[in-house]
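One chain, chain A, links the two complexes that follow: it is found with chain B in the first and with chain C in the second.
On to the complex of A and B.
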């Protein structure tokens, strides 16, 4: 029983980590709280549906499509809107909210009016279809693979180091010849790809997506915000740790607390509220992207 | 009237004189007169709209109240609240539960709901003292989500408070008694559709006037000046011997009370107490729409919130009226709702960051000066920053502080 719980907590945490990492990247590098993150996730899942459910391609293609669309939308959001308002954080904050809701409503309108599906139930298959355990293992493995790749990219490649430099000081970075515009674009594309990928996996393991999936339990939008705060805003390492804390806490309350199944989606929020009031700077606060 | 030095005469009487002078209609500035005409026009809507149109317009009055409630705290003190619907839902559900499940009269329900929502304001306001920028945004964002989960958790019954439960996702099972309605339990029982529609409209309109008066009076009083000062520079407020914490909490409590009152009036004037109406179909999107309205109109002005809500509603209405078919997609334009409205909101946010009302006032001033042949006034006659600019400044400093970025 306990072992099972630990296992499923580890699986869900791995998914949460992928969900949160894009949010961290954008905040760490650009200082932007990207509330359109939920929109990226939703669009990722929706593209997977279009590729695999609507056109009947294998779900791996759907996963690829979701990731690519996420990356494209991330880049487009930066190039099309955010770039012009970068000096106005409050405007950005509200804009990202508007953009996120625009995407969600887009899924609703497009799904209902054109594809004729129920936007609350968008069928997306799990990537590994024959057993949910194998699917969980797939999610867990690729999650660590991607996080490892991101670590390597950020810490050991020229572009990655440029990202760290920009996150520390974009004026300093531009003094040594780093094009911070390009770096920002790269982070948005990366974050979008992570979000799209996570969206497909999430929809797959939940048994389907929904236009509201980013704010319905487990509420990936709020979750990534929570994870990122828990781990310390802007720290990749922190948000991986934060994802595991939240994942374990949630799984354990749902399994072991009396009436726990009703607490899904609340327990982590309550934990977060307590955390915010006691230690608002997070576990790994004041660290740049690492 | 003889001129008096500030220290002479009866204080009360001088205050009254000052207020009277300010209220001289013919002496009002042009923009204030336009505002008064606008409110009177809102009151005269029933003279030329059909009952059906009136009913369609009534929610807009509530959007205006909601947006004003946001503006009082976020527009003035710069403490951005991302979950303002929390207060509306507390007010609406509170009053509905009190009247339907405890059998108390409507008036008591509204008063109690307002008090409870004010307490909700306290609940958010106290963490707001410790938390800055993004952290506060998160707490305020979580509040309505937690409330939503509470509705589901206690859908069957919440002992003591709501014996028949909170109704879960579908909303409360019964419509609470109305202020004006056909049923016997209404405060004013009417017969006939016209008087019913009129009654509901004027109930909403009266609530609107009250909220407008309260918000306007507070923000134009010395407390409003302190709110603005908190937004500009908290340390300056502190060094002049005022306690910013007290005023921040006051702002949150006031916003909570106003929002809760509006929510309560909403369910007693024809609105149904469910999450879709009081939190938005996407659970947090009403909160976001309210922010959009206030910012489109111009944050930190109260009047801007009203104008923004009106603009937002007109756009939605316009989109819904356009029933032509889009060539490639083969669906009606109206089916795209609310995408065009959101798109427009994005454009305004990018290109008119100060909002429509301040921009209009600025242009109006310039035009009038030119018309009268006077010198064209400087763009920023008062000096200093616009509300949006200083909120941005504050937020940017907080974010840089958090991620330890050095951008001097």
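On to the complex of A and C.
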């Protein structure tokens, strides 16, 4: 039973890490709390449905479509809105909220009016359909692979180091010839791609998506926020650690705490509260995008 | 206060039970229940997304002209239908009401009176239910109302029902608190005394579904009667942590262990990853998960099927009562069972299948239980009005106070769910509720199960019923991955 629980916790934590990483990236580089992150996730899942459910293509195509649409929406959000208001954090906060809700309602209206589906139950298959365990292993493996690749990209490539430079100082980076506009755009595209990818995995894992999926359990938007607070805002490795802490805490609470199944949805919030009071800088503090 | 009707004003001034009192009693579940409603599927059937929504055109001639000869010729009975039109369950209510009215008008109306139905869209909001009730009665001159889904919506509307002194017959909510409020023998709700509460709330009746305590008893009877045949020795009890489910959950937590071993009993809330709970159920060798689910039902079903969990799954599963649910879950709902009042395959009464066929033809979909029960409300009202007009020698549609004794004392036929229908008496613990004794005697509720049946349809699941025997349309199936 304990082994089962550890496995379940490891699998769900890997998914949570992918969900949170895009949110972390944008905060780490631009200092922006992107509340449209949930919208990106929802659109990713919805795109996968259109590709695989509506057009009947294999779910791997759906996964690719969700990732690409996430990337495109991330880039478009930056180019179309964020870059004009980058110096006004409150405006950004409100705008990302509005954009996120706009995306959710888009899924609702488009899904129901055009595609004729129930927007509360958008069927998205698991990426590995023949075995739930294999699907969990796929999520676990690709989570580590992609986050490892991101870590390498950020720390060991020219563009990645430019991202770190911009995250430290916009002006300083400009002085050494880094095009911060381009770096920000790359960051948003990457974050969007991660969110879209996470949306497909999440919907497949739950058995389907919904236009409300960003705020329904496990509420990826709130989850991302809790994870990056735990790990330290802006820290990639902090987010991974935060995801595993929340995943394990939630799973063990449900399994072993008396009446724990009632606490599944709020266990991450309890941790969020505790960390904000006791260690507000998070486990790894603010380490830019490292 | 000037814009309030006189009876509303007087109630607030003399300090009797007002909206706040009932809110205090029932409001705790309102938020969660509202969310539960949000979660439900919104599409009644493939290719049938919006039909009928917002349509206020009454059936029959709809203008008050006589539809037949009789002592009420020239009169119009206005029936308000309070339905959440953003849910399949609500649209089915509205369709059922219109179908019944049209059928009645085509057959000469009620002693010649035209039946006109008016829609009040409650969405899934208790506040909207209350305001729509007032609008229907005060502005649309409805003689009676029916419908209402969600216990919180019903409880919030009860003061308005009492204040307008207009009969309301519930046809979707299963909250037992309404019946308790009506009862003459209960005085533990408002402290006013049972007689006083009865006089105030006697306008409320319920055509169905059975209230949640009866449903819990039905579940106990079902498990006890069938556990040997199904090979069930251990059961897990999973009842969603929603206020609406509390009476049901409490009764089963108390009594289910008397009929079967229950090693797992949980009230999950906000669960998205079911693996830990499903592991626990398998580790305890449970043969079946007896569920009560609305908000989190879909993720549970999908993960149960995708993870091929080694136990059967069913109970009260609200989302699976909609026809579109097969498509919504990509077929994962196959083998899931749920209590229901009827299914498109059952013949609870001689009227069930003709109703289903007519519904299918008219609305290009299949009815949900709420549609059948709302249809039954109109049938039942016709019989009560006919009896009252003849009994009292009236030449006009009787008012609510005249009609109440005829509803209380009548035995009604023509229902699509129960062959003979009576309301529980005013001094019952739960008054003006459907009179129900047991599944064995009444044949309801039925146990619906999603199955693949090529004889009915090759590309879509069928909502069969495997119990009780009198309403059985197919044998129970179990997934091939279940080995217990």
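Operating definition for what follows: the second predicted complex is superposed on the first by the 290 of 290 C-alpha atoms of A that agree within 3 Å, B and C clash if a C-alpha of one lies under 4 Å from a C-alpha of the other, contacts with A are read in each partner's own complex, and residues count from 1 in each chain.
In this text, a residue touches a chain if its C-beta (ideal position, glycine included) is under 8 Å from a C-beta of that chain, and two chains touch if they have at least 3 such contacts.
A quick note: this is a predicted structure, and the numbers were derived from the prediction, not measured.
K.L.:
Overlaying the two complexes on chain A, which is it for chain B and chain C: clash or fit?
P.N.:
clash
K.L.:
Contact-wise, after the overlay, does A:12 reach chain B, chain C, both or neither (first, second, both, neither)?
P.N.:
second
K.L.:
If you stack the two complexes on chain A, which partner ends up touching A:212: first (chain B), second (chain C), both, or neither?
P.N.:
Both chain B and chain C are touched by A:212.
K.L.:
Return first, second, both or neither, reflecting whether A:117 touches chain B, chain C, both chains, or no partner chain.
P.N.:
second
K.L.:
Chain A residues in contact: does chain B have more, or chain C?
P.N.:
B
K.L.:
Given the touch rule stated above, what does A:272 touch, chain B (first), chain C (second), both, or neither?
P.N.:
The answer is first: A:272 touches chain B but not chain C.
K.L.:
Mind working out whether A:254 is in touch with chain B, chain C, both or neither, as first, second, both or neither?
P.N.:
Only chain C; A:254 stays clear of chain B.
K.L.:
Of the two partner chains, chain B (first) and chain C (second), which one does A:157 touch, if any: first, second, both, or neither?
P.N.:
In the superposition, A:157 contacts neither chain B nor chain C.
K.L.:
Between chain B (first) and chain C (second), which, if any, makes contact with A:125: first, second, both or neither?
P.N.:
It touches chain C, and chain B stays clear.
K.L.:
Please identify the positions on chain A that touch both chain B and chain C, taking each partner from its own complex.
P.N.:
113, 212, 216-217, 262, 265-266
K.L.:
Residue numbers of chain A touching chain C in their complex, please.
P.N.:
1, 4-5, 8, 11-12, 53, 112-113, 116-121, 123, 125-126, 132, 135, 205-208, 212, 216-218, 250-251, 254-255, 259, 261-266
K.L.:
Can you check the complex and tell me which residues of chain A touch chain B?
P.N.:
The contact residues of chain A facing chain B are 27-28, 31, 33, 81, 84-85, 88-91, 93-95, 97-99, 101-102, 104-106, 109, 113-114, 167-172, 212, 215-217, 219, 222, 225-226, 229, 233-234, 262, 265-266, 269-270, 272-273, 276-277, 280-281, 285-288.
K.L.:
Which of the residues in chain C end up touching chain A in this complex?
P.N.:
Contact set of chain C toward chain A: 38-43, 46-47, 49, 241, 266-273, 275-277, 279-280, 283, 296, 298-299, 301-303, 305-308, 319, 324-325, 327-330, 332.
K.L.:
Given the complex with chain A, which residues does chain B contribute to the contact?
P.N.:
On the chain B side, the touching residues are 80, 82, 127, 130-131, 134-135, 137-139, 141-142, 145-146, 149, 152-153, 282-285, 288, 291-292, 295, 329-331, 335-339, 342-343, 345-346, 349-350, 353, 388, 391-392, 395-396, 399-400, 402-407.
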